[in-house]
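Next come two complexes built around subunit A: one with subunit B, the other with subunit C.
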Partner chain A sequence: MSRAMKDRLIWAVTFLVMLIICLPGLWVVLSAFRTNGEILTKPAVWIPQNLTLDNFRAIFGLGENVLAIPVGSYFLNSLVISVTSTVLAVMIGMSGGYAFARHRFPGKSGAFLWLMLSRTVPGIALSLPLFILWSWIGLIDTKLGVIVVYTAINVPFTVWLTEGFFRQVPRDLSEAAQIDGCTPWQAFWKVEFPLARSGIASAGIFAFLTSWNEYALASQLTRSTDSKTLPVGLMDFTAQFTIDWAGMCAMAVIIIIPALILTFLVQKHLIAGLTFGGVKG
Partner chain B sequence: MTRLRRYARDHAVPLALLSPAVLVILLVVLLPLLFSFYTSFSNYRLIRPDSLWDWVGFRNYLRVLGDGDFWSAFGRTVLFLTVALNLEMLLGLGLALMVNRITWGQRTMRTIMMFPMMFSPILVGFQFKYLFNDTIGLVNNALQSLGLASEPIPFLVDRWLAFAAIAFAEIWMSTSIFAILILAGLFAMPKDPIEAARVDGCSNWQVFRHITLPFLMPFIYIAMTIRSLDVARAYDIVDVMTGGGPAGRTELLWTLIARTAYDDARMGRANAMAYFSILLSIFFTWFFFRKLMAARRHLGAF
Partner chain C sequence: MAEVTLRKIVKNYGALEVVHGIDLDIAHNEFVVLVGPSGCGKSTTLRMIAGLEEVSGGEIAIGGRVVNTLPPRARNISMVFQNYALYPHMTVRENLGFSLKIAGRPPAEIEKATDEAAAILGLADYMDRTPGELSGGQRQRVAMGRAIVRHPDVFLFDEPLSNLDAKLRTQMRVEIKKLHQKVKTTIVYVTHDQVEAMTLADRIVIMKDGHIVQTGTPLEVFERPANTFVATFIGSPPMNLVDGVVAGGEVRFAGDASLPVPPAFRGRVQEGQRVTYGFRADNLMPAGHAMTGIGETADIDLTIALAEPLGAETILLSELAGVEIQGKMYNPRAVAAGERLSCLLALDHAHLFDAETGASLRT
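Let's turn to the complex of A and B:
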């Protein structure tokens, strides 16, 4: 086989593999625009006969058939919880990451390890004591209760990522700014922060996605429309007598869209962030 | 005391900067874990609040260790992780090597490769619950339309098929993490040693085995470490796909904890189990972190 032929073959195989990877997701997206009648038909209908937006209308209560599941409030809850906990986690993480990147103190590597170990606790194991404690202090089934938890589980990762990005900013720049009369506080915001900004933004997007997608903790700490998030709300569909597959697919599309956009934006930093410290040390 | 005060004075700035992070983790992770450690020695049941003070010593742990359901869930979890992590690593390596070979449209392929990373575990679980459904699922419909199966195959009911379906979902979700990180390693790899080896007459396999693979090992271990941080994500997938059922046949450690704690309301015993799951996660992370450090040292040697 010639080299060009071989290259073309590898390309074709790669393309095929990518297609298989994408197929399940695309099938769900397609189903979101179909009717339940068509999904349930036997033998299977492969080519959609009529595509419709009814599933989305039903979710937001715009069409004739209204869903019993308040996806609108779940969406709002998810948004409020994810944004607030992300802002908090980034601020706390930036402060901690800066301490690790710029200061020497005894017990530094130990502290870093403990921070990371706190991230390994499985969500469901952590949910048990939190469920009891939050019930006692009245944080169960509140947005605040979930926000506090998500902030804490995001902090180790934001510390890790921002530490890496701050380490890339040369130390001399801040020192030069301070010689020119800046206070350390000013030097940080005027010199170091702008240089690390894109890295910090990607740490924020990571934190947002973690909160947006989290299920194990939220499924136990939320109970009603006051605080239920989208992933927890998705399970409402399975509690019904007959599963509304098309509705579930539409809700899946609503959950995936923000994640899709954000992951696409951050993909370059994603790789840089994840390999940090791994090879360069 | 004076030593502590001097330490605080000498390192006031980094300590102040770190304190919010330490505080929030102390309050939301460490204190609750200490509390759950206590409850694992009590006969605490959610429906009887005063049972929290009912100290039973090691009884919960002894019951858990003597419980057949626990050991079968534990064994299934270890088997699940072994199968999933190894396949993810091998498939990710294959995918990365393929994408690295192609020149036309490589960026697009790389973006497509990251597609599963955008899915939350709960969505992945739902997606495969839908695809593997025995009446309306894509897989069964395809098999029947092609005439490969006359009866619908109960993917999520049969013990081993359900296990395979859940493992498939997990592998679909996480292979791209391996592929992306290994690809980053391939991009970072110096070309000189490979060319030198070719000149010396090494075969493709020898180049891969003795040059490419050792160089990629740290990247593989980074991926393993990142993955082992959140192995418990499988809880979401199992919860939505089968709920641990039918009759506990797909129960993993994490779903068993949830059932014991919330459905049976046996908080004490569930917390004892939770400590096993925490130790399992820490063990996996520590193990791969050690391997990562060793691989980096090895790499630094040449």
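Let's turn to the complex of A and C:
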């Protein structure tokens, strides 16, 4: 097979796979600009006939039919919870990753394995015990309650990812920096941190996306505008007998956009973060 | 004044002791090379001087000040690492100036100092590149530049040339020696390459298994090795060693070969004592190809097993009492395998060692 043919084939397959992956998302985006009537007609209308911004107007209370959904508060809750838990997870996870990469201590491999095993527990399995625990200590329906849970969920992954990056930074560099006059703390921030930045950035973005998109636990732990996040807010579009699919899709688009923007901003780091090991010299 | 003193330095890793009570005095501006086989504790010793490794026992002093508990930054030392340890995210200029920047010096001063170091090491053209864009030799120079910028009391080198190819290594060796002449500083240099040790050192410290085996100038350790280990480790090819027994002013080997007791050892050995006879290839030469003025000699007839022409001289491989030995032919001619040559051994440069302990019988 010639090279050009091979390239074309690879492109075709990639395109097909991407299409399959993206199709549901595409459908959500399309539906956000359609009316409930058109979404629900049978037989299905595949090509949208008339696109409309009414769904968004309704969400932001600009059109004639105003929705009683406090999107603003949800957005703010989501933002506060995601950012705080991400910052916490990165700080804690980075310290852990550094310790695992640089220091020997008894029980090290056991502890690492234990951290990784915690990833195998499905989040939803924690919801009942968490709910009981949180209601005892009064963390139900607080942002703090959700932040603590998300931080805990994100730390193991952050430890794992940053550990790999710190392990790739030669130990000599920190030693050289200390001989050059740095305290160990300065050596970390001036030499090791910048060199592991890609890993830390991608750990951060993963933590943020996990928190931003999480639904199962948040739906149990939040109930009012004090703490409900955007994904949980999606359920506001379901009434007893009807579901406002168009409104829900419009809201989903609103949720996706910040995540998309963020991902594009750090995509360079993200790719480095996901392909580390093989390529770095 | 920056003399370095090690007093009974011990290093344990858990239950494992890898450095066993080393004593060493390094004078101000002295170039000392720690040399020894892999795993003998050279790097560990150097890293203890640097403060990168905790001292398990004993005392290290730099410039008269005990530094055991001081962190590396408080010792005013510089170190050049085996793989250079340049900061990959900084340019050459930033690498050079890093220590001064950390010390909070004004930018103008940093600029001046880095330019000065760059000029000494010929780095001026690469100042804005990152280490990834440099060749091995250039990285090596940057690493040395970074070390000299801060005018340390002591320079530490840990096998700085081992990642370079043979030609560059020779070139950088000369540069390091020149550097020492230019910026007079105490230097402790670690290598496992005896040629590097011989060419660079004011004084060589030979280590083995966490002990110092011998300390002395290059010529001292070459000419008066303290034991068979030093005798074979220093010098190339390694010293020929043949076991024998002292009998009537001679050392008798297996078979019926024998050689006279070397002059320096007469009266120091007893009849019947088991010894190891040592001599270098340089001092065993075919008659007619010998150097002049080599003092007392002994004759040996040797059958040549193999000849290795090197141009100016030819290494001759032969056998004495079942042991492979090497000699040298100066002003060489072609030598065929199996040829029988009568050779001269320069006895003034021959040695006797205790057959059991390997220690020299000179003292």
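Going forward, the second predicted complex is superposed on the first by the 227 of 281 C-alpha atoms of A that agree within 3 Å, B and C clash if a C-alpha of one lies under 4 Å from a C-alpha of the other, contacts with A are read in each partner's own complex, and residues count from 1 in each chain.
Here is the rule we use: contacts are C-beta pairs under 8 Å (C-beta built on N, C-alpha and C of every residue); 3 or more make two chains touch, one makes a residue touch a chain.
The model shown is predicted, which means the values in this text are computed figures rather than measured ones.
S.K.: So, does A:T120 touch the first partner subunit B, the second partner subunit C, both, or neither?
M.R.: A:T120: touches subunit B, not subunit C.
S.K.: Under the stated touch criterion, which partner chain does A:Q186 make contact with: subunit B (first), subunit C (second), both, or neither?
M.R.: A:Q186 sits against subunit C, while subunit B stays out of touch.
S.K.: Tell me which partner A:V155 touches in the superposition: subunit B (first), subunit C (second), both or neither.
M.R.: So A:V155 only meets subunit B here.
S.K.: Count the residues of subunit A touched by subunit B and by subunit C, then name the partner with the higher count.
M.R.: On the superposition, B touches more of the residues of subunit A.
S.K.: State the interface residues of subunit A toward subunit B in the complex, per the touch definition above.
M.R.: Subunit A reaches subunit B through residues 7, 10-11, 13-15, 17-18, 21-22, 24-25, 27-28, 31, 39-40, 42-44, 46, 91-93, 95-96, 98-100, 102-103, 105-106, 111, 115-133, 148-149, 151-153, 155-156, 159, 212-216, 219-220, 231, 234-235, 238, 245, 248-249, 252, 255-256, 259-260, 263-264, 267, 270-271, 274-275, 278-279, 281.
S.K.: Hey, which residues of subunit C end up touching subunit A in the complex?
M.R.: Answer in residue numbers: 50-52, 71-73, 77-79, 81, 83, 85-89, 98-99, 102-103, 146, 150.
S.K.: Over in the complex, which subunit B residues touch subunit A? Could you list them?
M.R.: Residues 7, 10-11, 13-15, 17-18, 20-22, 24-25, 27-30, 32-33, 35-36, 39, 46, 95, 98-99, 101-105, 109, 111-123, 126-128, 130-131, 135-136, 138, 141, 144-145, 172, 176, 180-181, 184-185, 188, 218-219, 222, 226, 228-229, 231-232, 235-236, 239-240, 254, 257-258, 261-262, 267, 270-271, 274-275, 277-278, 281-282, 285, 292, 296, 299.
S.K.: Can you list the residues on subunit A that touch subunit C in the complex?
M.R.: Per the stated touch rule, the residues are 170, 172-173, 175-183, 186, 190-191, 194-195.
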